[in-house]
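Note that the chains are named A, B and C in the order they appear, and that numbering of residues resets to 1 at the start of each chain.
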């Protein structure tokens, strides 16, 4: 094992099994509450459960029904659009803000708090405010029209083709401040001497950021991607509060699909099948990424 | 450090202020609505300034709005949330610290794989676990108790807290621990005597993160809390999401801000430690 | 009395150390808005008077979506509430899971069969036995009208669909939004079912949405219903998507819009704004539905309790819910009318009185139909699939013919 010295004291022996012992309750919890429950859901997806769980197996009926459901495919496509846009924009905005804030700004503390506070609020709280602002008759569009620009339109919220973009706007608002904090922390951790050396060489500030600083933030990018994709896949409150999946079912996402079918429509089996599809996507995309990162992050 | 105002600096500040406006707009809408009268709101001007400022909505939200049969406002629910959030935050943080310590300082064969395995836990959609969790808690006899709710929050908070602490401890030089071990310090001694004293910043990050998540949680609260000790988010939901009654938006907004006060307070006061704590290493994957 | 309770409690705890205490009812509901909460508080008071304690379990949101989630987890954890706000065919679904309690003893003793219209009592029974108690009857097929707006436009209150479109045209010319609507799925469905009832009549409605007859669902009448709906869609503003129903009502209140299709709970918004029925606003049946009545009944379904004291309290609850006093007080606050036919109506306003009169006529002539938009007519899975089709139709350029085909396909989901 990695134990550097094999001193023959009893404590060295204890040190060998203690770490494993200490970690085991969490592992057991993870096995039961994450993997056990996934297995339970997998089983359920192979049954015809309706209102309450019924454990009699009935084959792949639910999956067939799921793949035959237009609404499911809309939800999947929306997760793609929303997830991609949300992750990219939150990342870009967060990074930009961090870089701007890193320029020895006055009132940095106040600005930072302003960018960060949305993270403190739940979407039950802010959903209504966003809904109003994005509504063409009540919010921004009306305001700008009243200011004397009658041709200004901003009606994405009520446009079935664009509603999902408004979800991304509100999502970026909520999460980009946190991304900013992560990047800002990363920037503060960078050794000043590297930058000074580059400046001596005559490199301009944008070049320094682009060539030297941002590449050195690679681990931060990983943390940010992990957190953002976690928010994107689980996004439920956000969509529920803002569009409720509408207009129609145009901004539906898998989490809402699953919740509605499993809990309000008495189609628990179908809900479980959709949950399994979500989980499989997550595993396919994230596990290799995470494993690679944890391995490459070994010290040295 | 008097900087001359170059064009670049002006553009920089303009960009920052513009972004600040984007972030503050929803808060402004909420605040201004909460001090308007209902007639003012019905007139259809949601973004406009209030005609007259009144705090009636605030006092109603605090002490007389209906959240069920009782119409005593939000005040009673604060304590419920505190009782649930404090133990959950502390426990999940502490366990996360120990886990992070093991997977960074006491690596053993397969510890990376196990860490990845625990990490996957933060990706499980919470809607999926409701029914099996309810069955299990029922069998353990802690269904719909605060204890049960705390267990749920701790279990699903572990993945993130472990990640935070692991990333922090990874940045601590090996020599520190090696030297301690040569001096004969054991597993717990190193943790409590050497690592805990320097873990302040990451504790702040972890506590802020967990507190925000747990305080704002609705789904677990509504499903696993005991009927009479529902957390504040459930009360807020009951107040805001009425089905067929008259909607009082000003009260809704005031209640929403009240429910968010503790987390807002934490971010305002401890926000600086947050960035500082992250700087201290949480983001160095 | 107290001693008796105490001994019952002791006995109960001795037999079964359950978490439910003697004489306690826990009621899951989503009546949380001011007026509703006051109505339920009356129930609590009446229960307290009988010596039972009330444990409130309020979960609002999404027309009971969150409450259903909470209920399900409660039931699988073996810890169900005494009663829950469940309605329509969902009562049958829960009954089929074998978790509902039989309250026939109370119903027989109180004579519920005589007090309730058969259409209502049918819903409350599972396999011929009462498992739920009704609290109210909402009428869904109302049209709310701002008479001043109509006067300004020189239009009259419509009673048929051709008249409706005439009025709508006039309103539009006068610069008033003809229809206030909120584009949320349940509101789309509410509008749809009023159109369906008006265009197709009660027999068509029953065949299509109660019996789920495939030929009727895919047939020409359904196509015609969608054609009418498409025309109605033209009079709705673009900002309707996602709008809450009460904001739409506010548009009628302040004269920005002329009419709204909505159930009788809309009345509360008008009266809260200080408006008088018959003078500042009118409640009329949706076009072509004067002889029909789409009902939406709230009810409390009773869950099996292990503890005998809790069972006793459950019976008390069922009895209280059906008492005249409670039915009157609850419905005065809620805008609906009592489910119990012999409740005195003299304290109610004109809209409620009209509702009651129409209920009686519709009951006689077969025009009394369940509202499917409010989960009264079909299993939740079917209802969900149909609402999906309707709201997709409202938010896309789907043709009426395709919509009818899809609706028929949705009718097969169960």
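In this text, contacts are C-beta pairs under 8 Å (C-beta built on N, C-alpha and C of every residue); 3 or more make two chains touch, one makes a residue touch a chain.
Just so you know, these numbers come straight off a predicted model, no measurement behind them.
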Between chain pairs A-B and B-C, which one is joined by a greater number of C-beta pairs in contact?
A-B
Identity of the chain that, by mean CA position, is farthest from subunit B
C
Take the average of all CA coordinates in subunit B, do the same for subunit C, and state the distance between these two points in whole angstrom.
37
Suppose each chain is reduced to the average of its Cα coordinates; what separation in Å results between subunit A and subunit B?
15
Show the residues in subunit B shared as contacts by 2 or more other chains, in ascending order.
44, 130-131, 133, 135, 237, 240
Mind pulling the residue numbers of subunit C that touch at least two other chains?
62, 64, 69, 72, 76
Mark out which residues of subunit A touch at least two other chains, giving numbers and ranges.
53, 137-138, 259, 263
Listed in rising order, the residues of subunit A that touch subunit B in the complex are 1-2, 4-5, 7, 9, 11, 14-15, 18-20, 22-23, 25-27, 29-30, 33-38, 40-41, 53, 93, 97, 100-101, 103-105, 109, 111-122, 124-126, 128-130, 132-133, 137-140, 142-143, 173, 177, 181-182, 184-186, 188-189, 219-220, 222-223, 226, 230, 233-234, 236-237, 255, 258-259, 262-263, 268, 275, 278-279, 282-283, 286-287, 290-291, 293-295, 297, 299
Listed in rising order, the residues of subunit B that touch subunit A in the complex are 1, 3, 12-13, 15-16, 19-20, 22-27, 29-30, 33, 44, 46-47, 95, 98-99, 102-103, 106-109, 111-133, 135, 155-156, 158-159, 162-163, 167, 170, 174, 178, 181-182, 184, 186-188, 212, 216-218, 233, 236-237, 240, 249, 252-253, 256-257, 259-260, 263-264, 266-268, 271-272, 274-285
For a test of understanding, state which residues of subunit C touch subunit B in their complex under the given definition.
19, 26, 29-38, 40-41, 44, 54-64, 66, 69-70, 72-74, 76-79, 81, 244, 246, 250, 253-254, 256, 263, 265, 268-269, 272-273, 334-335
Residues of subunit B defined as touching subunit C within the complex:
42-44, 65-71, 130-131, 133-135, 137-138, 143-144, 222-224, 227-228, 234, 237-248
Subunit A to subunit C touching residues, read off their complex:
50-53, 71, 131, 135-138, 155, 157-160, 163, 240, 242-244, 246-250, 259-261, 263-267
